[in-house]
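Both complexes shown next keep subunit A, but they swap its partner, so subunit B is in the first and subunit C is in the second.
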Partner chain A sequence: MSDPTPILECKGLSVSYFTRAGEIPAVKDFDLTVLQGEAVGIVGESGCGKSTVAFAIMRYLGANGAIVDGELRFRGRDMLSMTADDLRDIRGARIAMIYQEPASALNPSMRIAEQLMEVPIHRDGASRAEARALALDVLADVKLPDPDRIMDAYPHQISGGQQQRVLIAMALISKPDLLLLDEPTTALDVTIEAGIVQLVKELSARHGMAMIYISHNLGLILETCDRVAVMYSGEVVEIGRVADVFEHMRHPYTQGLFASIPLPSSDRHARPLRPIPGQLPLPHRRPKGCNFAPRCSFAVAGRCDQDAVPMRQINGDGHEVRCVRWDEIDFQAANANEGISHVSPGPVVLEVDRMRKYYEIKDNSFAALIRGGAARYVRANEDISFTAREAETVAIVGESGCGKSTFAKVLMGLEQATAGEVRLHGKDISRLPIGQRSPEAVGILQMVFQNPFDTLNPSWAVGAQIARVVRKLGGETDAGRIRSRVLELLSLVKLPADVAHRRPRQLSGGEKQRIGIARAFAGNPALVVADEPVSALDVSVQAAVIGLLGEIQAGQRTTLLFISHDLSVVRYLSDRVVVMYLGHVVEQGSTDQVFRPPYHPYTEALLSAVPIADRSVSKRQIVLGGELPSALDPPAGCPFQARCPRRIDGLCDRDMPPRRELGAGHKILCHLGDDVLMEMAPVFAGAAD
Partner chain B sequence: MFVLACRRLVSMALIMAMVSFLLFLLFESDKLAVAGKVLGPYSSVEQREIWLEKNGYDRSFLTRYADWAGNAVKGDFGTSLQLRAPVADVLWPRLGNTAILAAVVFAAMIPLSLLLGVLAGLRESSLQDRVISVASVLTTSVPEFASATLLSAIFVFELGWLPGTSAMTGGFNFKELILPAAVLILFDFGYVTRMTRASMAEVMTSPYIRTAILKGLPYRRVIMRHALRNALIAPFTVIVLQMNWLLSGVIVVEVFFSYKGFGKLLLDASLFGDIFVIEACTLIAVFVAVFSQFISDIGYMLLNPKIRFG
Partner chain C sequence: MDRPVGDQGAAADRTGLARAAASILLLRESPIAMLGLALVLFWVVVALVAPLLPLHDPNLPLTPFKKPLVEAKDGAVYWLGTDHKGRDMLARVIFGARQVLLWAGFATAVAYAFGIMMGVTAGYLGGWWDEVLSFVGNVLLSFPVMVLYIIIITYLGATGFNIVLAVTFASAPGIMRIVRGLVLDIKTRDYILAAETRGETPLYIMLVELLPNARGPLIVDACLRLGYTTVTIAMLGYLGLGLPPPDPDWGKMIAEAQPLGSFAGHMAVIPALAISSLVLGFNLLADGLREISLRD
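Right, the complex of A and B next:
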């Protein structure tokens, strides 16, 4: 363990991509030393160059990428002068990598067994039997149930969490010295993410591997790493021990990042978010001097926009920062922030009453044909009941597959409910398809979509797209009035008027989502459904869009149904929360009721799974086992019983739990006795709560 | 999987029934015209009506169709007007000849175009990719009659290496197959090569190839085991559909080289107005089209585990 040579040393590493437009510097002057057994995080927003660093370390930059300057050493050996054969010896065996999208990182037409076994067979000349034994070993190591079945499966036959575990097993199979993890849990649900993070921590402790953990999520870095490097626009702007960077950050960008992420342990009144203004400069249009200066509220003309800024030492523990004013800025003084005013809700706008949506699927297998055409049902929504009032934000929370998007489809009229009612202003719309709704009815019920990149028509100017909605839903025909309404909507979402003439590709992600919001509010809606409106955006942009959405909604007294898997954002934005699991509402109540004990055991696990980027908050660890059951074949009794850590055998696996009122509109679907519920400890403990 | 194949077979049969009905409607709904074709343009109306009565044309249209379709299934397509012989006796040998030509073309073209496509797609926009891509676009854009003339000029008239016609009058002669096959290959290999190249290039940029390389596998293994299998799924469909083109798209080549194949038969029959031969040829062409679609669908399912174990 006490090998003095670092596992990995990067000195002044610069990486460029060469395109028709010329050289594009992706990473500049990157220094990093990773010691044996150490876990280093690299954090930053998309486009900051963090993945490029990982692939540069692997010396895999594609045909148009190259390391143009600096040194890269692995255990003291110069990696830049290595031949292809030397590199092959290091890749996989000494440095292994785990990727962001497990589904596409596995070969779709090879069985898992083959993909695992080929490493020992083709690298180390192992026999098939040895390789198979080794593969089964590592699969057990990553805690996959039933390794034999997994070995025989094709990648698409196992879940995303299982795929990621297979990739981790693949990385471990030749016992690497260094593990690179590139956003390994971004594509996964939070409870699955918590399991993977715990696994990675255990494995690195057991095998003494060094790790480089790349993520945009500060909370994950805090949970997994010893040191962290914060990157902005191709450069490390701050590096140091996690404790130093998280508590005594000196760079305004780091400070801005922390101020712009919501925490599940505090709400909008206690800690309003401060978005970072502006946007990331394009790599070939970086400003002179400090890259962050144009967005920095502490930038001083003449100092920050002159020469390239070098890293400066702050303390002896390797805390360094790339800022000329690092010892002058008083963040505390700038931190004073007014809270958001509270809006009181009005009359009930939406009532969902025992809504149920089943999808029939036809089984085409030969066996089913013999049995006699067994139609099976996907029970997407089993029994949904809740209400939403005017000017209220109701969050619908749950992991993928819980039925939250199906509910939105029924509400919007894209699907028809199987049973129950959905009443908007007292009128049932649960079986009224969108084509049969009047323009007014469509206009008062609008949606903000998850992915702003795909939901705007790329060949129309955004102004024309908003104008179309004004015409169709507002019934406006006068060209002048349409124009002024479009400009009014643009100013509502805080975009300059000339944006109207631009095409979607000329806008950033955050701007596109603002257009999406403007479009949704064009028909003066009574109810807006926002389906994961910020999950595709970077954190600094996220904060601005969340703030905007809340502000417009409060100003127009619109009811907002906020569909999300991100509990931090939910706590920040919503008044009431509906927690869904496998088509059931398992808990609902005001945000305070849901985020404080007593909890439904699923809510409890969900809260515990959220990574928190705040060292002053401690939380109880509850890691759920297993996977979300299929809605095609839900478990008997309580929907959550198969994964529930508080399951009562003989009761929960037999009977559907009762819907219980815990007071003041707080309802849960659970068998647990009052004594157990009342004794539940909060998941979060610490300064913020 | 099995059910799906059965379903495909049933829909195939339905398509065939539909097409044959339309075909029959087109050619034989006007009885007098049929008789006119058989008896010649100078026959009188009375003669035609007598012929019609003799040949059972007084029955209803549907009965006649059922009868005709039943015979066609048994392989009896009636008698050729031009050749005064049962259509079947002419059709099968001609079809056999075209099949031989198609087989030679396939045997040479598929390995060639797959190899070139893979080589090109392996390193996108490298020198080898550019040479192969330009060559395949060039050859595909030269029509068959032009390349047939050119090849004949070189190999028949200049060098005198190969015979200029492929009528096979002295029995089967492989030498006579070379030129027609070469023309077809030259025209078609570019298309399959481009398809393979696109598919290979896409696979080479996929994350699982990156995984395989960063696992430290030998390059050979990455290409042979990981890339090829996935890269060949898409071109497979295209290749099978070439069967269709090789049957009915070869008329120009067969006529140019007087090769006694299916295309030449269809052309002669059309020029003569030999309706029973035209009917038979059309049925065969449709059958091959539908059947190759069936093969490509089933093959695609077998190659793609995502669909096989959906």
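Right, the complex of A and C next:
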């Protein structure tokens, strides 16, 4: 274990891409040493160069990328002077990489077995029988149930979480010295992510291999790594042991990153978010001196904008920071920030009463004809009931496939409910398609969409797109008044007026999402549905958009239905929470009720799965087994029973649990006895709660 | 708050004209596109200024069978020679370009109008619209194109309008398929959903929200299709189904030269070169445009 030669050494590594616009310096002066058995995290926002580092380490930069300066050594051997043959021996065998999208990393036309056996057969000259035995071994290693079935499956026949486990197995099969993980769980649901993270931790402990874990999520880094490098605009700005960087961060960017992420263990009153102002500079237009200086509230003219800032030692444990003022800044003084004021909710705006949405699947096969029953149903929404009041934010939480987007479609009139009622201002709209709703009914119900790159039409200037909504939903016809309303809306979302003339591609993701919000509020809606409005944004921008959404909603006393899978954001923004699982509302109540015991066992697992970037908070580990059942064929009894760690055999797998009132509007769909519920310990323990 | 950075503002506030000029400048990045554009522009300019050029009347019989660049008895030089009836080949090729470009452009435009209407309707509305339109398209596509042309032209007569009709019948289903595919992709975007949730009519969504975003691949395809249509018009002329005489027609010029091939080769080679250079120009332009649009 104690081999003195580091596994990987990067010294002053600089990587550039050569494009139409000239040389783009993606990474500059990157130093990193990884010892045997060590797990190093690289964290940063999109565009900071963290994936480029991973590809540079593999010497796999594509046709237009090149390492322009520095040294790169693997086990003491210079990788920059290696031939293509030498590199082929190292890639995959000595350094293995795991990518973000498991579905596109596997070959869809080959069985898993063939893809796993390729490595030992072609590299090590193993026989098919040996290779198969080895493949079964590693599949058991990554804790896949029923390895024989997985071996014979094609990638599309297994779930995303299982695919990622197969890829980890594939990386392990040649027993690499270094494992590169590039956002390995970003495409997965939180409860699945928790399982993968646990697996990665176990494997690195057991096999003693070195790991580089790349992520934008500080919480994941805390859970998996020993050391962490924080990158900003192509440079490492701070590096050190996780304990040092998380508790005694010295760089203003690291500090800003921590201050801008919501934690599921505290709410907006206890810990208001502070977004980082400005945006990442373009790689070829970086400022002089410190890259972060233009966005830094501690920057001093004349010192921070002069020469390139070198890394400085803080302590003997390898804690280094790229800041000229590292020993002068008092972050505590800057921390004072007012909380968001509380808004008292008004009368009920939306009532959802036992709403059900089934999709019919017509089976025209010959077998179905003989059986007689030709139609099957996807039970997307089984039984949804809740209410939302004026000026209130209600979060709908659940993992993919829980039916939250289907519910939004019924609400918006894009789909019609199968049963039950959805009353907006007392009028049932559950079976009223959008085309039959009155213009007023359309105007009072608007939506903010998930993907900032899709939300605006790329062919038209953003001002024209907002103006269209003002004309259509505001009933305005006078050109001058439309223009002034557009400018008013732009200032509402804190964008300058000249943005109106721009095309969407000239705006950043955060700016596009602001335009999306402006558009939703253009018709003075009573209810706005926000479907994962910040999940595609970087954390520092996320905080600004969340803050803005909360501010506008409180100011206009709009009801906000906030659909999300991110419990940290939900805790921060919402007044009440509705937790969905497989088309059922399993728990609902005020945010405090849902985030504190007693929990529904699913809520409990969901909370435990959220990675928290705060070392003072400890949490109970509950890792769910199994996969989300299909809505086409839900399990008997309780929808959650197949994965529930608290299942009561003979009851939960037979009967649908009752909806129980736990007092003050806290409702839960569970068979567990009062004694069990009352004795539940909180998931989070620590300073913040 | 993430306020916009100044350098992005510089790119804003450009007028439509400036933006169009900028996209033409983009062509400079592809030598292939530039070569294609040069070939096409050469023919377009020549066709436009033909009446102003010091040319002979293309239909006036002068001295038959003069070879190119050979001085005639009267001292005049026929740069590209004369044909069997003694008409100046240079004038005939240039005035032929007017015919080809006019009818190829017109026919392609009409085919596009129908193809886009059908494709957007089938793609966006789906259901029965899609079933019926796709079926009609498949029936038309299953006809051998030549047979379709010959039927239409022999039944309805050889006029420019009927050539447009024939080309539309032959091309619109293919265009429909492309547009339908593009629309099926674009209609899943959130901005279409946003338009639906604010109660826009299907017609508005199809014309204003969907169609402008399909323009990239359609421009490339239109270039290719202009080339095909040029070939089609030449082919119809060659078969004697082209534009009525006596106006020059590249295809008919080749047909007239055929029996005299060994004796007056230039009569076939010159219009053939004209056709290939124009078609090559359209194809290279399409290739270059595709190359530029794929690059980042």
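Throughout what follows, the second predicted complex is superposed on the first by the 682 of 689 C-alpha atoms of A that agree within 3 Å, B and C clash if a C-alpha of one lies under 4 Å from a C-alpha of the other, contacts with A are read in each partner's own complex, and residues count from 1 in each chain.
The rule is short, and it goes like this: a residue touches a chain if its C-beta (ideal position, glycine included) is under 8 Å from a C-beta of that chain, and two chains touch if they have at least 3 such contacts.
This structure is a prediction, so every number in the text was calculated from the model and none was measured.
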Touching partner for A:Glu320 - first (subunit B), second (subunit C), both, neither: neither
Which superposed partner A:Ser459 touches (first subunit B, second subunit C, both, neither): second
First (subunit B), second (subunit C), both or neither touched by A:Met170: first
Partner, of subunit C and subunit B, that touches more residues belonging to subunit A: C
Which of subunit B and subunit C A:Asn107 touches, first, second, both or neither: first
Touching partner for A:Glu587 - first (subunit B), second (subunit C), both, neither: neither
Which of subunit B and subunit C A:Met412 touches, first, second, both or neither: second
On subunit A, the residue positions that both subunit B and subunit C contact, one per complex: none
In the complex with subunit C, residue positions of subunit A that touch it: 19-20, 275, 277-279, 281-282, 285, 412-414, 434-435, 437, 439, 442-443, 445-447, 449-451, 454-460, 469, 472-473, 494-496, 498-499, 501-502, 506-508, 510-511, 516, 519, 523, 540-541, 544, 548
Partner subunit A, residues of subunit B touching it in the complex: 1-4, 123-125, 206-208, 210-219, 221, 225-226, 229-230, 233, 303-306, 309
Residues on subunit C engaged by subunit A in the complex (per definition of touch): 1-5, 7-9, 11-13, 29, 189-191, 193-194, 196-200, 209, 212-213, 215, 295-296
Subunit A residues within the subunit B interface of the complex: 58, 60, 63, 84, 88-93, 96-97, 99, 101, 104-110, 118-119, 122-123, 154, 156-157, 167, 170, 174, 364-366, 369
